[in-house]
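Pasting a structure here, questions to come.
Order of writing sets the chain letters: A, B and C. Residues in each chain are counted from 1.
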Amino acid sequence: MKRQIPLVLVFIFGMLLAIQYFVPSEPSQRGYEFVLDWITIIGIFAMVLGIWSQVHVGWSKIKHRSENWQYSIVALVSMFAMIAFGLSPFGGLQGTIFRLIYNNVFIPIQATIFSLLAFYIASASYRAFRARSAVSTVLLVAALLLMLRVLPMGPLADPISSIGSWMLLVPNLAAKRAIAIGVGLGGVATALKIVLGIERSYLGKD
Amino acid sequence: MTFNERLLALDRRWVFLVLTIFVIIPIFVKFAVPLSPPKEVRDVYNFIEDLKPGDYILISLDYDPGSLAELHPVAMAMLEQCYAKKLKVITLTLSQTGAQMAEEAVRDVADSCLVYHGFKPVPGIDYVYLGYKPYPGLIILGMGMNFRIPFPQDYNGTTLDSIPMMRGIKNYDNIKGVISLSAGNVSDMWVADGNGRYNVKLAFAQTGVGVADYYPYYQSGQIFGIIGGMKGAAEYEYLCKNPGTATDAMRTQVFAHAVVIVFIIIGNLAFFLGRRAKARTQESK
Amino acid sequence: MKYIILLFLTCLSLCLSQAILAQTASSDPPAEAALVPSEPPAPPGNLTLKDLPNDDGHGIAVKWDLSPDDGAGAKSVISYDIYRSLSPDAPDSLWKKAGTVVLGVKSYADKGNRESDNDDYLPKKTNLYYRVYAVGAGVRSVAAAAGPVQAYDNWFNTLKVPELIFCVVFLILTVRFINMAKRGIDLYVRPLAGIEAIDEAIGRATEMGKPILYCLGIGTAGDIATIASFTILGRVARKVAEYQTSMIVPCIDPIVMTIAQETVKAGYADAGRPDAYKEDSVYYVTSQQFPYVAAVNGTIIREKPATNIYLGYFLAESLLLAETGVMAGSIQIAGTDQVSQLPFFVVACDYTLLGEELYAASAYLGREPLLLGTLKAQDYLKAIALVCIFALLALRVFTGADVIHKPFDMPWW
């Protein structure tokens, strides 16, 4: 029963929503909106699961003094502090403390993590862009031309910019479109497999 | 270890150090970076320029603090352009962590209009910020039926029907176009659900990493323009005649790209010299 | 006396507040202003009405011939106003303005609201009447009138016929190939180096006594890539249990975490070692992209896993994860359907599954007829798409025919 009921539900809702896509009538639209509302509600319940998991894992590490358990204290204190400051008695989401932490801690930290990409790209490029073969040489030349678009190249700026735009609009587009078609078809196939109960990995194993 | 081998096995921390130095230098050494906006950026600018005062436009600020550097300058320049043209601007965000950042952008640019254009757009009359709701795909679909389905109230809790500029505005049919500033897959949802289902006119501002993915949509006409990365943001500021943080950051990008190119050249030189030395050694054996 | 002054001040303040409110609301489009007729343009002709196709039963398609004064002369038409009413003889106040279109446009899709308490309510199965005026500068023509017309629900969206054909063809191909697979006919699937390397990578981790890190990406449980990754996770978990090594599975979504826990637990049970499963090995980190990658990077640097497997939906954090794995000295196997991230994985990882290879992994690993059949159907559908692309391209290049766009040019009704 533990596996049968979810499979039946997936089949019913999958088929109904697939049919709904082709049926524009009012009952169909109302049914669709009803399902959309429920997806949002279920998502909120899932958040509760997530918070429980984080508290459970963190507390377990602290209790057993596992390796680097101190980081778990920081994680849990930060989580509960932000929840507390975001609640109305402490000013809510528009409150001073929440905004202060958001603007001066959260935003800079997120931006910093993203900025690591620049350094990692540099080290990955140094390691990977070597003309070992014909194909890797093509990759190398393409990467160099696209990076040169940004540099002030004087009289070469326009030709390089044109070549770069051509590369983005023709070969890049062709390759991406081809992969996108494959991914799209693969997505439809996987969705069909899930609706028909052929793909059951999301239920766990038998 | 030969010199070539040492170069090939160079500790990545040297790369990081050199890059750090060359990223810091442009902060003190100021120079202008020539910009030549391509067609896909000009198309977005011209679309807004061709709108008439009173036309409605929706700007979706779907980015988070991680992509602040590349997309926030576009948001600032675009909002100022829309306010200056006296368009009716509907703004929202589909990014969970970007809600306050977006609200501050919308408000701060409105405040700055008083200084630069002599008037201040009034919230509720010239612009409205709807805030954030989860599940971007559902929100985009919901807005196609009626803005009030996902957003019965704006960010401040005012019901949409009591906001003067939202009276009579039902869904995408009442707005001229949507511009989404996003760093992730929200753009895919806008294309599939917004343009695919409701035929809404759509343009994107994307981070440099993801922009190449959306050229197929530009070429097929599903979107009418793309602003890509820091360069795109600087080009948009250039078109708006409003140089800001992106224009300044282009200096850093020029240096950073130059450093990466130099390292790639050094790596390849070391690789070829090493291969030649190995071939000579084998020949002599 | 003071009461008279108080009354006077009250009346004055009421009048002033009304004036202010009227001014505030005046930035709205003004109510219908009385049009002063001087030289009105000629009305539009041949007004036709029909139920708007492919809608929810609250729409009417209105078409007319352009006014002879459309865009010409002193009586030039600027726009057309469309009005709707429940009765042809209703007074002007009961005619609701449905919309306005600019000059040169000779159709309008009146999509009303379906809620009866809404101002823009357009009732179903009720006689409706329309008037269309040609509007000039401060003047408008006499109305072109027509009716009655009724709006009906439509039960099939004719614009989606291509999608329906595609679904039917795909189903036929799938059933055919599943039957072939069930009959024992060998369906060739080319080797996927990334999947074949997983066993070797798990063996390496066992030898080194280090854990395996399995990252499902930043997608939700509804993302196809994440679902495809669950299949491989199950097999990895079984192998990990057999080899008696450990694994770490940090998750970005609570639902993904729940499913991953079930999958890993089942993998351990399949290997006959259910007691070895540690629930804390599959855990939720955070729902945010960069905090998640910061946490996973920290785990990689501290735990130094021998093998990192990144299979699922990834965005900009892909290179952050992969480079950190390189720094930790891990073998890395990656796969994603996000085309923009594939270059980063290719550059930084030892094996990469490109796009739909990730989806094919479940069929490749299990070799079950049902899965193999759908995989082959997918391949044949790609071949059909390729043939159609070349055929339509040749048609366009040599004859100029635009077969794709024409049926969808508005207004198609």
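Note that contacts are C-beta pairs under 8 Å (C-beta built on N, C-alpha and C of every residue); 3 or more make two chains touch, one makes a residue touch a chain.
As the structure is a computational prediction, the values presented were derived from the model and not from experiment.
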Farthest chain (mean CA position) relative to chain C: B
Chain pair showing more contacts of the two, A-B and A-C: A-C
Chain B-chain C separation of Cα centroids, rounded to whole Å: 20
Length of the line joining the C-alpha centres of chain A and chain C, rounded to whole Å: 15
Sites on chain B at which at least two other chains make contact: 12, 64, 66, 97, 209, 212-213
Shared-contact residues (touching 2 or more other chains) in chain C: 287-288, 290, 316, 339
Multi-partner residues of chain A (at least 2 other chains): 29, 109-110, 113-114, 117, 121, 123, 125, 127, 176, 180
Contact footprint of chain B on chain A as seen in their complex: 29, 33, 36, 39-40, 43-44, 93, 99, 102-103, 106-111, 113-115, 117-119, 121-123, 125-127, 129-132, 140, 143-144, 147-152, 157-158, 161, 165, 168-169, 172-173, 176-177, 180
Touching residues on chain C, where the partner in the complex is chain A: 54-58, 114, 124, 153-157, 160, 163-164, 167, 170-171, 174, 221, 224, 227-228, 230-231, 233-234, 253-255, 257-259, 262-263, 265-267, 269-270, 280, 283-288, 290-291, 293-294, 298, 302, 316, 319-320, 322-323, 326, 337, 339, 342, 344, 347-348, 354-356, 358-360, 362, 370-371, 374-375, 377-378, 381-382, 385
Chain B-facing residues of chain C, complex: 24-25, 27-29, 111, 113, 120, 287-290, 313, 315-316, 327, 338-340
Partner chain C, residues of chain B touching it in the complex: 12, 54, 64, 66, 96-97, 125-126, 146, 164-165, 167-168, 170, 173, 183-185, 207, 209-210, 212-213
Chain C-facing residues of chain A, complex: 18, 21-29, 46-50, 53-54, 56-57, 60, 67-68, 71, 109-110, 113-114, 116-117, 120-121, 123-125, 127-128, 176, 179-183, 185-194, 198-199, 201-206
